[in-house]
Structures are given as structure tokens and as C-alpha cells.
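Both complexes shown next keep chain A, but they swap its partner, so chain B is in the first and chain C is in the second.
Now for the complex of A and B:
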């Protein structure tokens, strides 16, 4: 985590939320506290794509799956998608 | 699904041996005690494994999860480790001045010129002041120049074959000098060989930040 920065605004440090962990973090969330973009960790791989390459139909189910563990601010104001409002423009 | 998810499992796109210019670059890097290296468009991970075997901490990025998964398996089989991230080379998720080496093979030219320029700016940002950058580019002399539909000057979209729909940008020395003008030293070399009667021509750029 100490080497990762937000791909959009280059903010560092980012926040890490671990949802499932074995030898590595299997599923989790990386959050940029500055712009509130969130990036999933799925199958041990951080997916840190810019907004134009994100797919709502892949990312929202992930957020829904872990909504009990995702910070409330991300659920309501996260970018590029939130559970409450769908796609959010920057 | 990314188009490379289907292309990368093909044997010809996932060779085992490192590209010769990567191997020679890494040899010189070892002498300078490189600690962290980034492979842009790591694909199935041949260069990640090669560099990790030399004791370098490696990070690989790709847009293709299939490629990343192949790289992960290759590294695991060899008892090696790397940080693997799915991301776009034009928007790297790394802090400034992190890597002592950045390599990119058979990848950067699958973009339009504007995107290649953005990628090189990002490479410069994440590289340390002593970093070595090694990248190959398609030359306009190569046999496939002009194949497909031209979408902008010297940039074509393949219409057939395994790379159907994939962009190819072809370049020349003048353009490369302009692309790398922010770098301290830039070495541009044309590498050519004939394979089955076809001229394969590419530029090898090695640059110091």
C-alpha cells in the first residue's frame, strides 16, 4: 500500500479495507480519501482503473456484496459509482 | 473482457524467454543495483519472472486479467513474487519517483500517439532520477506498416487475424526524440531482422530519467 497512489489525482496514502484475507488479501477495497474514488481488490488483484474503463455492471455487485463493510461515505458519495445514486460524474 | 484476454493465451504471444533488449538492459541495471522495476503491459509475465530471478522487486501491470493470472501462475511455479495490478498505463497508480527501471515490450504502440505521449509522461513521473527506461516501438519500415484501416497518421486498426480491432502506431526517430525530450539521455536504435521473407523492424529506446 505504501507505493500505491490514486491513478486519477495521484493522492497518497490511500486507505485499505480488507474484506477477506488468506495468505494475501483476497478481496478488499482501496479508497482515495481525497477524491473518494474506490478500487476493488478481487481475487488478490488490485483493479485501479480510470473511470472510463470501469464497468458499472461489474463494480456495483462488488460494492453490494461487501456493503456491510464498505465505509458509508463510499456507499453514498464514492466515485465512479455508488449504491445509492448509480454512476456519479466527477 | 479486454481483447488481450483472448490474445495472450496464444503461444506466440506468451514466449518464455526474455526479449533480448530487456535482458541486456537488466544486466546493466544489476550493475547499478536496481531494486524496483515496473513492467508495463506485463502480459503472461516472462519479464517479471526474469527480473525477479535477478533479485529485483518487480511490479507488473496489465489491462488483461487473463494476462495477470498467467503471470501470477508463472511466478508462483517458480517461487517468485511480484505486485500485480490491473490498471491503465496512462494512469499509473503509483507514487512519484518509485522505480529504478521501467520496461515495456510489444505494448506501448497499441495506442494512438496522444496516448503514447501520456504513457511516457507517466513513466517519467514514476521513475527515480537514476532510472533506466527500455521500450520498443514499431518502425514504419516493418512489414505490417499500413495493414488495416488508418485511424490517424501512422496509426492503424487491424481488420483480420488474432489482433483484429487492435491499434498499431508506427513511428520514426524524429517522433521518438520528441516523445522522450524530458529524459536526460536517450538512445534510439533500429533493430531489424527478416523472418520468413518479411522485414521486422522496431525501434529500441533506452532512456535515463
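Now for the complex of A and C:
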């Protein structure tokens, strides 16, 4: 976490939410507190992709799966997608 | 962690276990660095200059992780590999699991700008900017910010048959070549200093439709650069 910055606004440090952990963090969420973008950690890999390479049909199911553990602010106002409003242009 | 010196043959055998990209994208210039070139690069970085064993290493544009895993295999303390192509990074993770090096390599899917730490050594085979102009400069700029020393592969500026023949006959040994005026200026403007440049033959299999020959051979220049840290 100490080496990761938000690819959009370069903010550092980022927040980490761990959902599933074995020896490594298997699934989790990285959040940029400045722009409220969220990035999934899936299969141990943090996916810090820019908005144009994100796929709503892959990322929203991930958010849905962990929605009990995702901060409310991200569920309602997170970028680039939220469960409530779908895709958001920024 | 100090390890015994790994023989070149063992290194090449290891590197051959690292699977290349299953479906490379021409616009990202995604070809996997050849085993030969990776071994030469790692040999110079590790055995000649002592920049790998016990060091933190960053592989920018790691693809499926051949350089990153090579560094881990040689005894790097901690390695990070980053690539914008999620699929390539997925293959890199499988490669690290298969070779038992997963504890010492962390993969990140993303642009090179998501990395903000300082590393002892940066290893990179950046896009040469043939398909997408200036792509290599961004990598070089980032590498100079992130690494104390940078090993970076670049396209040899001209087609040089004489050099190519000497390198072919030299059993894979690199040869010192002069640095390109453009890269020299670029590196100096960004606070770095070129310590050496080595010409190496890169042979890659036919991958993209615009590659006409079955095997494509060209000269790459390995730049060893002192970063600004």
C-alpha cells in the first residue's frame, strides 16, 4: 500500500479494505479518499486501472458481492461506477 | 538474503518457465523479452553490478513477469511488477505461483504512474514507441524517478548489419555501443546519468501480422542509468 498512488489524481496514501485474506490479501478494495475512486483487489492483484479500461460488467458485480463491507460513501458516490446510479462520467 | 551465484544456464532454464503473453496487443508493443536478452540484462544487473541480490526491484511494464521473476529467482529481496494489461498480470501471477516465487513478487495491474515508492533497481523493457510515439520516454522518466539505478531496453537507433553479425557470432555476449544523443539528453534533463550501453540481439517469434518473417531479429540497446535518487 505504501507504494500505490491513485492513477487519476496521483493521491497518496490510499485506503485499504480487506475482504478476504489468506497469506496474501485475496480480495479487497483500494479507495482514493480524494476522488472517491475505488479499485478492486481480485485474485491477489490490485487493479488500479484508469476509467477507460474499467469494465462495468466485471467491476459492479464485485462491488455487489462485498457491499456489506464497502463503505457507504463508495456505494453511493464512488467512481467510476456505483451500485445506485450505474456509470458516472467524471 | 545472499544466494550462491546462479549460473547463466540455470537462469535461462528458469526464464524459459515464465510463460509469455497468450494474446499480445500490437498497439501496446507487447512482446515478451527473449530469454537471451533477459538473461544478459539480469546477468549484468546482478553479477556484474550487484544491483539485484538483496535489493528491491521494480519491473515497469512487466508483462507476464519474465524480468521481475528472473530478479526474484536471483535473490532480489522484494520485487514489484506493474503492467496496464490485466490479462498479462494474471499470467504473471500464475508464473510466480508455478515457480514458487509468489512471496517475493507483488503484481499490480495499472499504469506505471500508480507506483510512488523508491526502489534500488528498475528493470524495464518499455514499448519502444514504434507503434505509439514517445511511449518509451514516459517509462524512462518514471524509471528515473523510481529507481536508484535503471536497466532499460531501447531500440538500437539504426539498422547495423555489421554490428548484428558481430553480435550473432559473439554467442550472445553484449557489446558496448554508443548512446543515442536523444536518449542521453533526455536522461540528463531528467536528472539521470548513463553509465553504459550494451547492444544485444533480440529474437522474437512472429506474432503480429505486420511481422513478415517467421522470426524477427533486431538489436536492442541495454542502457544502464544512474537515477536521480
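We take it that the second predicted complex is superposed on the first by the 90 of 90 C-alpha atoms of A that agree within 3 Å, B and C clash if a C-alpha of one lies under 4 Å from a C-alpha of the other, contacts with A are read in each partner's own complex, and residues count from 1 in each chain.
Throughout what follows, contacts are C-beta pairs under 8 Å (C-beta built on N, C-alpha and C of every residue); 3 or more make two chains touch, one makes a residue touch a chain.
Given the structure is predicted, the values throughout are model-derived calculations rather than measurements.
With chain A as the common reference, the superposed partners chain B and chain C clash.
When the two structures are aligned on the shared chain, A:22 is found in touch with neither chain B nor chain C.
In the superposed model, A:12 lies in contact with both chain B and chain C.
Common to the chain B-facing and chain C-facing surfaces of chain A are residues 3-7, 10, 12, 44-50, 53. The touching residues of chain A, counted against chain B in their complex, run 3-8, 10, 12, 39, 44-50, 53. Contacts from chain A toward chain C in the complex involve residues 2-7, 10, 12, 23-24, 43-50, 53. Taken in their complex, chain C has these residues touching chain A: 80, 84, 86, 89-90, 93, 102-103, 107-111, 113-117.
Those residues of chain B that touch chain A in the shared complex are 59, 63, 65, 68, 72, 83-88, 90-96, 98, 125.
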